[in-house]
Each structure stands twice: as structure tokens, then as C-alpha cells.
Amino acid sequence: MTTQPMTLLVIISEAVLEDTLIDEITDLGAKGYTITDARGRGTHGTRAGRWTQGGNIRIEVIGNAQLCGRIVERLQRAYEKDYGLLMYTVPIELQN
Amino acid sequence: MTTQPMTLLVIISEAVLEDTLIDEITDLGAKGYTITDARGRGTHGTRAGRWTQGGNIRIEVIGNAQLCGRIVERLQRAYEKDYGLLMYTVPIELQN
Amino acid sequence: MTTQPMTLLVIISEAVLEDTLIDEITDLGAKGYTITDARGRGTHGTRAGRWTQGGNIRIEVIGNAQLCGRIVERLQRAYEKDYGLLMYTVPIELQN
Amino acid sequence: MHFEPVVLFFLLGVFAGLVRSDLKIPSAIYEALSIFLLLAIGLQGGVKLAEFELLELLVPSLLILAVGSLIPLLAFPVLRLLGHMTRADSASIAAHYGSVSVVTFSVAIALLAQEEIDFEGYMIVFLVLLEIPALVIGVILARHGVGSVRWGKLLHEVLFGKSILLLAGGLMIGFIAGSEGIKPLDILFFDLFKGILALFLLEMGLVAAGRIAGLRAYGAFLVTFAVVTPLLSAILGTLLGWALGLSLGGTMLLATLYASASYIAAPAAMRIAVPEANPALSIGAALGMTFPFNIFIGIPVYLWMARFIHGLGA
Amino acid sequence: MHFEPVVLFFLLGVFAGLVRSDLKIPSAIYEALSIFLLLAIGLQGGVKLAEFELLELLVPSLLILAVGSLIPLLAFPVLRLLGHMTRADSASIAAHYGSVSVVTFSVAIALLAQEEIDFEGYMIVFLVLLEIPALVIGVILARHGVGSVRWGKLLHEVLFGKSILLLAGGLMIGFIAGSEGIKPLDILFFDLFKGILALFLLEMGLVAAGRIAGLRAYGAFLVTFAVVTPLLSAILGTLLGWALGLSLGGTMLLATLYASASYIAAPAAMRIAVPEANPALSIGAALGMTFPFNIFIGIPVYLWMARFIHGLGA
Amino acid sequence: MHFEPVVLFFLLGVFAGLVRSDLKIPSAIYEALSIFLLLAIGLQGGVKLAEFELLELLVPSLLILAVGSLIPLLAFPVLRLLGHMTRADSASIAAHYGSVSVVTFSVAIALLAQEEIDFEGYMIVFLVLLEIPALVIGVILARHGVGSVRWGKLLHEVLFGKSILLLAGGLMIGFIAGSEGIKPLDILFFDLFKGILALFLLEMGLVAAGRIAGLRAYGAFLVTFAVVTPLLSAILGTLLGWALGLSLGGTMLLATLYASASYIAAPAAMRIAVPEANPALSIGAALGMTFPFNIFIGIPVYLWMARFIHGLGA
């Protein structure tokens, strides 16, 4: 059992963007991701997941700091203006 | 791209409290929140999300340390005794 | 309100293992856990949660470092080879 | 003894639960099934209600409510004094047994349909009405002298909770549309009713299996209570139904209503209004014990009781 | 005035939403209901289409599409100049009103069935066809001179989005199988149709309740627009239907198609293609105002208009 | 050639999957659909089983099981030696092809109903019975000489897994209730069966689309195996059915059972019992190749084979 310091990037955004965001993340070099369905409220209003409102998704990507930085930069430029989007990073210990 | 140190507060509680907890959190000044459906076990027994048992919800609130502290205090006083409730905080870097 | 430093262990694995993993975790001494349904991609391919593919689950266990270490060790030995499995730990402040 | 094949699905569910099968009814599905059952029962009642003079129903309705309110008021001291339960638990359990169970009622209706026994359609109105006093009484009992009640929140929960809302909404739609207007909906809401009830019973069996295992922990008192209360309540219902001049089917349904205990509306309301009560006790008794007792033994017995008392009169 | 009991379920949903009931239709269920409605409508259309000579339909179809395309082209300048809305919002709203609503259409069909009025089955084809030019025009209006359009992505979204795919797929299956081949599916897709429409309307009421509350924020202009546009579009449809020699039922359905606004396919497509438009405005108007207007007032009025113009000819 | 319109829904699903439509059947819904299909098939079988003398069925049943067990035993060396697959993969694939597919069986029943060909109702019992030896043999083959088997866990998974539990439970309920007792459930479980099968095939098409794309990666051997195995198994079934004196419909169903490969029960059991096998291989072959082959080509061919051999006898 070895542990390895890594960065966890959490992306919360609109469910309608799921396929698009996965393509972006994979393009930028992420080796994996984990998605859960979510709902929430932010500056773009409430997204309760009803069909006329859409829900959110919560994407976790584990990678090195550079990868996470690249993803943050790309998503901010392309989606922050028009879509609900929130991102944060946490240092973690990957167990492997 | 700027990053900003913030506190992530995670609240795990009973699904039946969803509306009530959202009201409390918003009252105390949270600008947003993210909810996912969950199930689990703790000192109040198993909450597998079957209809006679109820499920859990997992609420994430990002804010400054004071806000998170206020929320923790209020929820503990009002709900800890009678409801399943677990809260923890993690320092994060908000990407914006 | 007191806070207590603890370790959060996040386990991402195949939904089909849910009952098995819960038994292992409980056996090893965890006092609770929280599960959310997830989907994702990793070295074992995409697990989108369609019925012939299975989905993932995301398990959170809060405990002391030793407990988390024991769980990591056991799960790695028993499941890493044949199943999709990813684990990481984060230091948190339990609010209680 | 009369036998309704639909209860076999409950047994299948209990079996699956006890052997720890991986069979699970997704939560979206049982929520949909319960929405369906509540609406369908409401619509059936509304259509039948349209045939009655509403004013004539006023006095019997008030009587049925008043006598029904006795059930939680009598159950409370029994639980408190004989069962040595906390005030909150006693009040919450009393409220569950004063309320009614839509699925139990549905199984009773299915049996009447199979036996080709008619009944007064307005009985369905009491599925809606009996819930309200039982829950209010439960909260008063829990709070009497201790703490304050958030009545606004409670009443909102009771009146606009999905159970009452769908039952009452279905009643109104059925009443307004009448049997002609509702005809194109018949296949979904009437003809499929029993099949969907079967699926719901399968899920109830799965859930009840877990509860049945837990019951041992609650002791002999609660198990006894969960069997004796429905029988006594049913006797009350049979006598009142007969006194009010209800038909054979109507008498049996009133007995079933009194005898049944809620495990959908009451738990949700009590969790909000009396949170310090332990939900495992009330739901365990109502769902793990009283519900199977009613559908396997109670309902046939209540039919027999109604036949007996109507035979006396003849 | 003609009255369809199925709309009572919409009212029940609105009521539940306004009183903040805990009633929720699980998302898996309304997705299933909408898949069902789209497939069922498509199958019904396909079966009826099999009775027609496809070539004969070519010219009327092109006319119906051309006139239908006028609606977003006329709505855009009104929104932009009278409503002072941004280019993106105006284009997006115009696209919603140029598109059509499957549920509104279904309520119209239910009313025709109740009144025993026949209609040309191929009208259902236009549920599929009218969507496409409206969305394309919407995007062109939004992007005219500003920015570039990812046409590939948009066309993919429109043509292979689930609405069009299920409608068109149902049409093809119904067409190939014919009324004989489809017979074993009749009970599910035809007989249950109206009951399932009722459940869908319940959910639409729940959602619309939230939108109705929001409408005040959008001001008098948008509210007026949401009522006047369907009326004017319906007049266009009535005149064209009459000119094309459609039957009474067909004329009324064409008016309804033109009058209805999309709230399923259009929002999804616009969110991708014109993301800077505020979806609350377009969905609020289409679902919170135009949809209830159409099912309660519009559809009976459009039937009256069709009767009136057919009476003139007689 | 005989054509069953219900398979068009599968094609629609495949098309939607290949063009990457956003059409998705929510997981709660296909779980509900599969619960429904398993229960309904079980109930149908149980009702028909009630007409037979159980003891008379014993010898033919044992023969059908014994011959059915040959399929995985023969497939294993072919996969291992000709296909150069690992022991675990060979064993897992062999188990999938020794098991049976409820949906394939349902399409065969739908075709028989359309052609008005009768069959022995107890054939449905083999949907339950054939699963068990196939999975057990698969595990023995995988573990022979290597590692130990957790038999308790495996048997639990097989016997109380939801597929077997619902089929066997439905059989028992149908058997106990009989065709009279089951009548009020007919509309849901019998009349709606084919419509719900259509919806399930739509979902299967969506999933198969992904598998079909992946098949190329598995090479020519597996693709050939996935087509030849069902044909050879069907010949085995046809001969045995004829030798046992089954009717035309019964012979064709036995051929279909042998020819079909599992993609619901077997994958779940193998994932637990033989985790080092790659599920993409077995599910890819069973669902991406054998299933479409069976419903489009196999089933009509098996009917022809049954007709041919019954013609010989005449």
C-alpha cells in the first residue's frame, strides 16, 4: 500500500453539458472521472432537476495539479459565461 | 484564473429534512448549495432509502469559515438530537 | 460545538460490490458510511450504469487514520485485481 | 375463508426479503405505484360519490369521524401505561393506528369485487377524512404539557401531503367528470388497478421482511398490541356500520378502515411533528405486523363479522 | 364550450405546486411518460399515414411547413422591437413558438375523440416536421452577423434529439406494421394513452406552478405575447387548413399545431445552440402561460374557429 | 419468413444508439420493465402448468436439462482451443450460452401467438431450470484445478437472484391462483405484455448499439461463435423436442431456449463467481450478436426447423 499526493478537482455544472464536459476533460488528458447526479442553487438560479429546469452533475477528476489547472482554465473560458459552473480543488492522498 | 481558499461544509442528513435545511442554510447567508441523494448507516441506524425508512441527502456548501461555523452551530442545536446528522469541513481552493 | 480532525476515505467501485464492501467495511470497524450512486471511467473502461455495464458507487467512510488504512489494505488485496476500484483519503474536521 | 390471490405477491416479496435476494423495486417505481394507487382510489370514490346526495351523508360522516377518533384516544393510555412507552412514542403509535391504510383498503375492495359484494362508494371519502383527526390527536397527545406545536407546519404536512392531496384530488376529478367523463381513463385507473396493487404488494413484502425481523426487538407487548388493536377497532366499525344501516360491503369496509394502520402518510407527518418518537417502533408495528395480519386474517374475519351482524338483523 | 376532463389533472398539479405539497413525480417516471407519449403519438400517426398516397401529401406538406416558418420570422421582430429583448432571447422565444407541443396536440386529439370528430392522420407528421425549420430559423436569427453556428452539433441535436427520434421512429414503425401488425400493442399505446396523458398533465401542472409564479417578473409584454401569438397563429392555421381542403378535425389540429409552443425539444436545442439566451423567459412563457391558455381556452376556440370557417363554406 | 413488428423497436433503439441520440430509458424504468417481464412470463407459465400432471413431466424435464447441460460443456473446449481464450473467459462465455434469454423467449412466444400456434405451457419452467446447471457448470469449468469456489455465495446468487426468483415466484403464483384467480391481473400481465416487451426491446437496442460497435475488437472468432452456437444448439433442441413428442410450438420454443444466451442473470452471477473473466466479451457476444441474430433470423429459422421435422413425421 502506497499513497500518492494528488489533486481532486470537483466540477459542478449543468446536466445538459455532461457529454461535452467529458469530451473536454478526456481531451485534456484526464485518465478517468466519476460523475454523480446533483441539484443545487447558485448565481444562475435553482437547478432542481425538473425537466424544464435541468439538473446538475458533480464531476470528480483526480490528477496532478497541472492537469486540473488546464481543465479549470478551459472550462472557465468556454462555459462560465453562459452556464452554471463551479469548480474547486482539494489535495488528496490517492491510495494505490 | 484565480484561486481562493474557502471552506467546504458537507452535511449528511435525512432526506425528509431537505426543504427545512435549505431554508436554514439560505437564511444564514449561504449563496449556494449542491445536493446529492445518498444512503448510509450511522448511530441512528441504516437509512437505505426504502420508503418506510427514508434516505439521506448529502449537502455541500462552500463559504467562508464563519458561515460554515454558523450553519454547523444552528443545525446541531436544532436537529442533532432527533435526526440523523453528520457534518464535516474541508479546506478547498475555489477556482474562479 | 467541537471539531475533531479525522480522515475521510472515499471508495469508488462497482455497484455490484455494494453489499460485499459494506460487510468488509463494517467488519473492519467502521461506525458508519455514506453511499451515493455514480458513474465514471477509469482503467477498467466506462461504467455508465446501463444494465449490462453496471454503475459505480461512491462510498464515504469517516474514521481515524488506522481504520482507513486497514480498509484500504483489505480492499486492495481482495478487489483491486478484478474490479474497478479507486480510493483516496482527505483530512477533514468532523463537526460534533 | 376467502382468499385473494393478490396477497401472494406480498408473500413473494417477504420471501425475497428474508433470503436477501437482490430484487429491488426502484424507488421511482414504488413512488409512481403509490401515486397511481392513491389517484385511482380517489377517482373510483369520486365517480361513486356523484351518485349520492351529499347533505344526507353529513350526519353519518360526522359519526364515523367521531367514533374513529376514539381509536387513538384509547390506544394512547394503553401504550403509555401497559406498554411503558414514552409519551412521544405512545402518541405517534396511536396516530398510526387512528389513521388508515390505502393498501389494506384496496385489498378489501379487491376481495369484495371477487365476491361480487357491492358497497357504498363514499366509503372512500373516509380514507381521506379519518387521516386528519388521527394525526392531530397524535400531536396533541405528544405535546400535551410539553413543548409547543408548530401547527401551521403540521396542518400543511397533513392537508397538502401527497397522500391526502392525491386522494382528495382524485375524488374531486372523479366527482366532476362522472362515470361518463372518466371512461377513457377507465383502462388505466380501474382495469389495471389490481395488477398494480399486486406489484405494490411485492414491494411491501420486501420492506415488511426487514420490519418483521426487527419486531422481536420491540417485545411481546407491541406485537400483541399490533394484533389486538385492529380486531377491537374492527368490532367498533362493524357495530357502527350496522347501526348506520350500511350495506354488507360498506360495513366490512368501515371495519377495515378502523382496523388498518397507516404506514405512508402518518410516518411522514409524525417525523416532522413528533421527531423524538422512534419511527422504527410505529412503522415496525403497523407494517411488519398489522398490515400482514389484516390482509391475511383480518379482512376475511371482518367480512365474516359483517355477514354475522347482518344475519342477526335478518 | 367543450370540456375535456383530462385537463383537471393539470389543475390538480398546479394546485399541488402552489400549496407547496411534497407531491413529486420522480424524474424517471416523467421521462418514461414522455417517451411513451412521443412513441404512442408516432405510432398512431404511422398507422393512419399508411392509408394515404404519400406523393399527394407533398404539396400540402410544403405549404404547411412554409406558412409555419412565418411564425418565428414574424415573432422575432415583435420581441426585439416591441419587447426590447436581446437578440438571443428574441430568437430563442421565436423558436419556441415556431415549434410545437406534443401534449397540447394530444389534448386536442382527446377532445376530437370525445366529440367523435375525425381528422387526417398525417397531421401527426407535422409534429415532427414543424420542429425542424423553427429551430433552424431560431439559431439563424440569433447568430445573424454575430458569432458562428456549430451547425453539425445543432442539426444532430434537432434530428436525433429524443423528441424527433421517437416521433419519427413511432411513425415508421406504425407505417410498416400497419393497423393489423400493431394490434397486440394497441392496449398499451392506444387504450392507455389518455390515462398516461392525465398523469403527464399532473406533472406539467406541478412544473407550471413554479413558472406561473415567475411570470410576473417577465412583465406585461411577455404575458401578452404568450396569449396573442397562439391566437394569431391559430387563425393562420385555420385559414390554411380550410384552403387546403382539410376536414373539420384536420383544420382544428393545424390551428393547434401553429398555436402551440414547444417546451421539451426547443429548450434542449436552444440551450446548446444559443446558450446566452435566458431559458427562464422562453420556458416561462411557453409552459407557464401559453400551454395552460391553449388547453383551457385555445383548443375549444380553435374548434369553434374550424367549425365557423367550415360553416361559411357550406 | 415470419415477421414480428415488435422487433422494429429493437432496430429503433440500435439506430438511436448508433447516431448517439440523447434518448435514454431511465434505469428505474428498465429495471421495472424487466421485473414486469419476468413476473408476467412466470405467471403465464404457472397458469398453463396447472393444466398438467406434474409427475408426467419429470422424465422429459430431466432429459431437457441433461441435454441443455451439454451446451456449455461443448462450448468450453471450443472457446479454449479454437478461440485461444483464457480459462475464465471460456468458462464465463460457456455459461452465458448454456443459460437462456427471457426476451428472446418472449419474442418467440409473440411470434407463435401471431401465427396462432399453440405450445406446451410448461416450457416456461425451463426458463428457470436451464439457468441453474449452466451457471454451476460455468463456475466448475473456471475453477477446475485453480482456486476455490465460494459455492454458498454462488448458489445464493443463482437461486435467489432476481431473475430466477421472479420467474419461479410468478410460476408459483400462477399455479396456485389458476386462470380464474389470475383473471383480474390479466390486463396488466397478459394484455400489456407485448407492448412492454416493445419498450424493453427499445432499451435493448440502445444498449446493443454500444456492444455491436465493440464486437469488432473481439475478432472474427467470437463473432462466428456467436452465430454458429445458437444454430447448433437449436438443432439439438429441435431434435430433442421432436423425440419427446412436443407440439410444433413446443419444439420451436425448446430450440429457442437452447439457442438463446443470457445477458441478465448470467452476467451478474459470473461477475461475482468468476470475477477475472472480462464481462465485455461475454455480454458483447450474447447481447451484441446472438440476441439480434436470434430475434431477426434465428427465431423464424427455428420455426421452420420445427415445421420441417414435424412434416417429416407426418
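Every chain is named by a letter (A, B, C, D, E and F) in the order it is written, and numbering of its residues begins at 1.
FYI, a residue touches a chain if its C-beta (ideal position, glycine included) is under 8 Å from a C-beta of that chain, and two chains touch if they have at least 3 such contacts.
All values reported here derive from a predicted model rather than from experimental measurement.
Listed by label, the chains touching chain C and chain F alike form an empty list. For the self-contact between chain D and chain F, the two sides draw on mostly distinct residue numbers; the shared fraction is below half.
A centroid comparison over C-alpha atoms places C as the chain most distant from chain E.
A straight line joining the Cα centres of chain A and chain B is 20 Å long.
If you average the Cα atoms of chain A and of chain E, the two centres end up 35 Å apart.
Chain E and chain F have Cα centroids separated by 41 Å.
In chain E, the residues that touch at least two other chains are 26-29, 31, 187, 192, 268.
Chain contacts: chain A has residues 36-37, 90 touching two or more partner chains. If you check each pair of chains against the touch rule, the ones that pass are A-B, A-C, A-E, B-C, B-D, C-F, D-E, D-F, E-F. Listing the residues of chain F that touch chain E in their complex gives 5-6, 8-9, 12, 15-16, 19-29, 110, 113-114, 187, 191-192, 194-196, 198-199, 202.
Residues of chain B touching chain A in their complex: 1, 3, 6, 8, 22, 26, 31-37, 62, 90-96. Here chain F touches chain C in the complex through residues 27, 30-31, 34, 206-207, 210-211, 263-264, 267-268, 271-272, 275-276, 280, 283, 287, going by the rule given at the top. Chain B makes touch with chain D in their complex at residues 14, 16, 45, 49-55, 81-83. By the touch criterion stated above, chain F contacts chain D in their complex at residues 26-29, 31-32, 35-36, 39, 156-157, 160-162, 165-166, 169, 172-173, 176-177, 181-182, 184-185, 187-189, 192, 268.
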